[in-house]
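Before anything else, here is the set of structures, which you'll find just below.
After this come two complexes, each holding subunit A, first together with subunit B and then together with subunit C.
Right after this comes the complex of A and B.
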């Protein structure tokens, strides 16, 4: 039987919540090599110093969670974009490692992303700043967790309220695998799995607020490659799923469409990330017990230009 | 007798031009006054500097790791306009230490002290040795036999990472070591002669070739004061015989390629930014 955690209180600091997490590894690995990401202790230190925006992407193994983080770093490595510039990172080795299979140094012919393992250190960090430098830098602390964790939640084998980092997260993006959505035979199951996951995440005490929630469809290029009639079916499917999320939360849940590392040249590296950053910046960091602003898009969310 | 000590930290990966710069700078300051800056007196401990200078004058690659130098280099300087003398102190940190910090994280306690004491930083980026990240070209579809033969990717090697990632990480580590604050910093784009014909100013070149590093520097504003210099200590690519022969005609006064700054430029700029804080 899993122990039910105490619900967070209004005066509980983010550090206290993160400190509840199990310590699952030192910053220096057993072979003495440098750790590539932050363990909860170091994530806490960062949280105490810089008050980061905490992001957790939830989705099945292979849905594209790690690729979103990696693409953000890789895209910034080409120069500023969407009005943001790179301002630093305490996990550059981890981000480099995650980008490796996308690069020719991996000696591969097609880009792939390595599966995040449960024993991997989970927290990645990127600091960004507006290119006009009118605002102070924004720290993003991004949880890169093994998709098995979320599969356990949607199957009812684990409770989301036991994953305390979810309650600390200012943004929880439910990642829907666009490859499965593009496949008519995989679509129904993907919807069901996503609905189970949403139900799990919206259990009392799991999230700081349902306003933290977003829907993200990855690999959207595969959907865009479909025939017009099939694309139309997917649009209906997405609207249906979005309605489900809106009904469960009583809110308008943002839906983002990403194709961050497409094998088609029509979709440049990081496609859709401008929307991702927009959501992160327009919806301020939640403090536990504090309501976030209602999300209002300033651009057409995730729509591909013709 | 000097009025003050001025601690400069030279940060750069192996063979990024740190030792070449020191050897050439020492020679030029000794030779004659350089834009209001000169050698106040011969350094007491000068064996190592003379070795570096000798390599430079002989048009040989100056590689610090081949020499056994002192723990720090001290060069007495005379600021002519301000009529003051100061001792430039450069700790002996070889490029391999920085490569090691990238691959493993952290520094020895001795280097930590040097980092925390620095009044200014010179960050070296070698223009003709920037390793960039190259994405797999998705527009070229591999043949089926290539796909099947290409299942095991080569493992990630930290040493093969892009130069900009390594340098950003080093700056992050130095900043953390100094409790989130950096002293005035100059970026020295060394071997500027190799890229002078591109027609870019050093700052624009840095934007182009190392955009992550360039953004990192810009994003620290206004907390960080920095400037980018293009420096050609050797005056040309001494691996090429034709160039060596040409440079040998006037080995102790090398030509300044288009857009290059003088060797003392970064030092004078750093002095102007730290003159009130040198103790």
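Right after this comes the complex of A and C.
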């Protein structure tokens, strides 16, 4: 059975959220339907009304980027979690479509997500609200971009600074494919690719600030299924990679461990997304500015110091 | 301002703007920043920049600029309006304060002081750069108004006059002296008198004298202020009122923090009850800024709170200045 998000019991329902948009506005497509995803123009119009938190997950094809977005939607649809509840979306068909792949594939016991194509509209939208209703609703605008774009960056075929949405992103999560990390033969290559991608993303002008960066390891359940000695190797591997990211940014880069759609009962739907939401809600906006220079007074009274 | 800085600020109301659209928004801001607006209009921009509702036809002003560039302002584009308002204010506060009269600068001074007051109240604007630009504008203008310049020595006596003076001092009484040619004397005297008159005008200009007197008054105020032993809230109210009363120009001296800290003495770090300060300082505030002046309005509907004396004194001092700037309109005291 298809699960849909719970109707919000919040003071702002989905219908009210949509009513908040002008007639024939951007959340509704030309034929009056909700959009599957937002093109840049529609995303801009949403941002012109309320400041959204822009999230971009960067990683190779099949690393699990789209699954994370879909799991977030599906998990919120099951009811409040991690202190947050679903409060609407302008792209329900697109989110449903992404969950649909899971649902039909899981019936075959082979969970798989359709590869996001470069021609797909990139922006997915979810509005969330804190369960206690003390805060105003937050709009998450999630960039679901083709993994090939990021493969081009890590191979040096494209420059991250040319991907303008990266500079706009409040959060850029570098997604590491847990399946490749779990495989000892693929681990070294995954590390090299992640390092190349980090280097590409940290090129001058690509991100608004290295503070936007976080590391996300997907499919963590596959790592947890390894023998103790191998798990220990993976832990060392992850620590090394985290150290590399910290050294490159000069910051403590968060590392999130997700197993959003595991076959194992040990990992419920959306495992790890609590941390993901916490990171987003702790810093919803990355405001990078250019403050005015401190004025140096030329008068003696202006230079008075107590 | 570079395009990158502009686009980084516009991200508060956009995701990825095409370069052409970005350029058009930039020119909207440039035009609004160069236009002549009164204080009410600029205070409305401040309200928009802080996400508040603003009366006045701001939508009309923005819509007109946008329509001229084939851009449209969505009926509910509150965030975009706020970002454009912020940019417009930052652009205005980035302009030099020199070469314009105090009256022409007054609307911007009022808007900048309103931003400074909101910063004292820890209210965040849509983009944090706004507060730093408003503060810089206030400092620069304050300094400019008090600038006494470097006064050159008075002009030297011309040779003929100098000789006459020397002769009158050295020649014994009754002795005959050679009188200089009157035409030559007049020719030398005319430019000298011009230079002397210019020097006198500079040295005793009203602005210079007022600035020097203000500096002297504040120095004596600091020297004679007693060591604070009284109630910190009363000290805070007294310090902010006294400093403002000594100011010859608005905005007051740029080192206000330091001046107030010195006056507060040992009470500087004391914790002060905001409600008490508000009760002691409540006064009639011009309608145009009553929503900015929380302390002067008695802090109604404000939770009970305490804050360090120095911060509260600065906050109250800024509110008082904002009210006075509005009452004087042309920025004069």
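One rule holds in what follows: the second predicted complex is superposed on the first by the 246 of 306 C-alpha atoms of A that agree within 3 Å, B and C clash if a C-alpha of one lies under 4 Å from a C-alpha of the other, contacts with A are read in each partner's own complex, and residues count from 1 in each chain.
By our rule, a residue touches a chain if its C-beta (ideal position, glycine included) is under 8 Å from a C-beta of that chain, and two chains touch if they have at least 3 such contacts.
The structure displayed is predicted, hence computed values, not measured ones.
Once the two complexes are overlaid on the shared chain, A:87 sits against subunit B while remaining clear of subunit C. In the overlay built on the shared chain, the residue A:48 is in contact with subunit C alone; subunit B does not reach it.
Residue contacts after overlaying the shared chain place A:129 against subunit B, while subunit C stays out of touching range.
When the shared chain is aligned, subunit B comes close enough to touch A:96, but subunit C does not. Shared interface residues of subunit A (contacting subunit B in one complex, subunit C in the other): none. By the touch criterion stated above, subunit B contacts subunit A in their complex at residues 102-105, 133-136, 138-139, 142, 146-147, 150, 153-154, 156-158, 160-162, 164-165, 168-169, 172, 175-176, 207, 211-212, 215-216, 218-221.
Subunit A contributes residues 20-22, 25, 40, 43-52, 54, 123, 141, 164-165, 167-168, 205, 208, 285, 287-295, 297-306 to its touches with subunit C in the complex.
In the complex of the two chains, the subunit A residues touching subunit B come out as 27-28, 32-35, 74, 76-80, 85-90, 92-93, 96-97, 99-112, 127, 129, 133, 137, 262-265, 269. Residues 1, 4-5, 7-9, 11-18, 74-80, 93-94, 126-129, 132-133, 135-136, 139-140, 142-143, 146-148, 211, 214-215, 218, 253-255, 258-259, 261-262 of subunit C are the ones that touch subunit A when the two sit in their complex.
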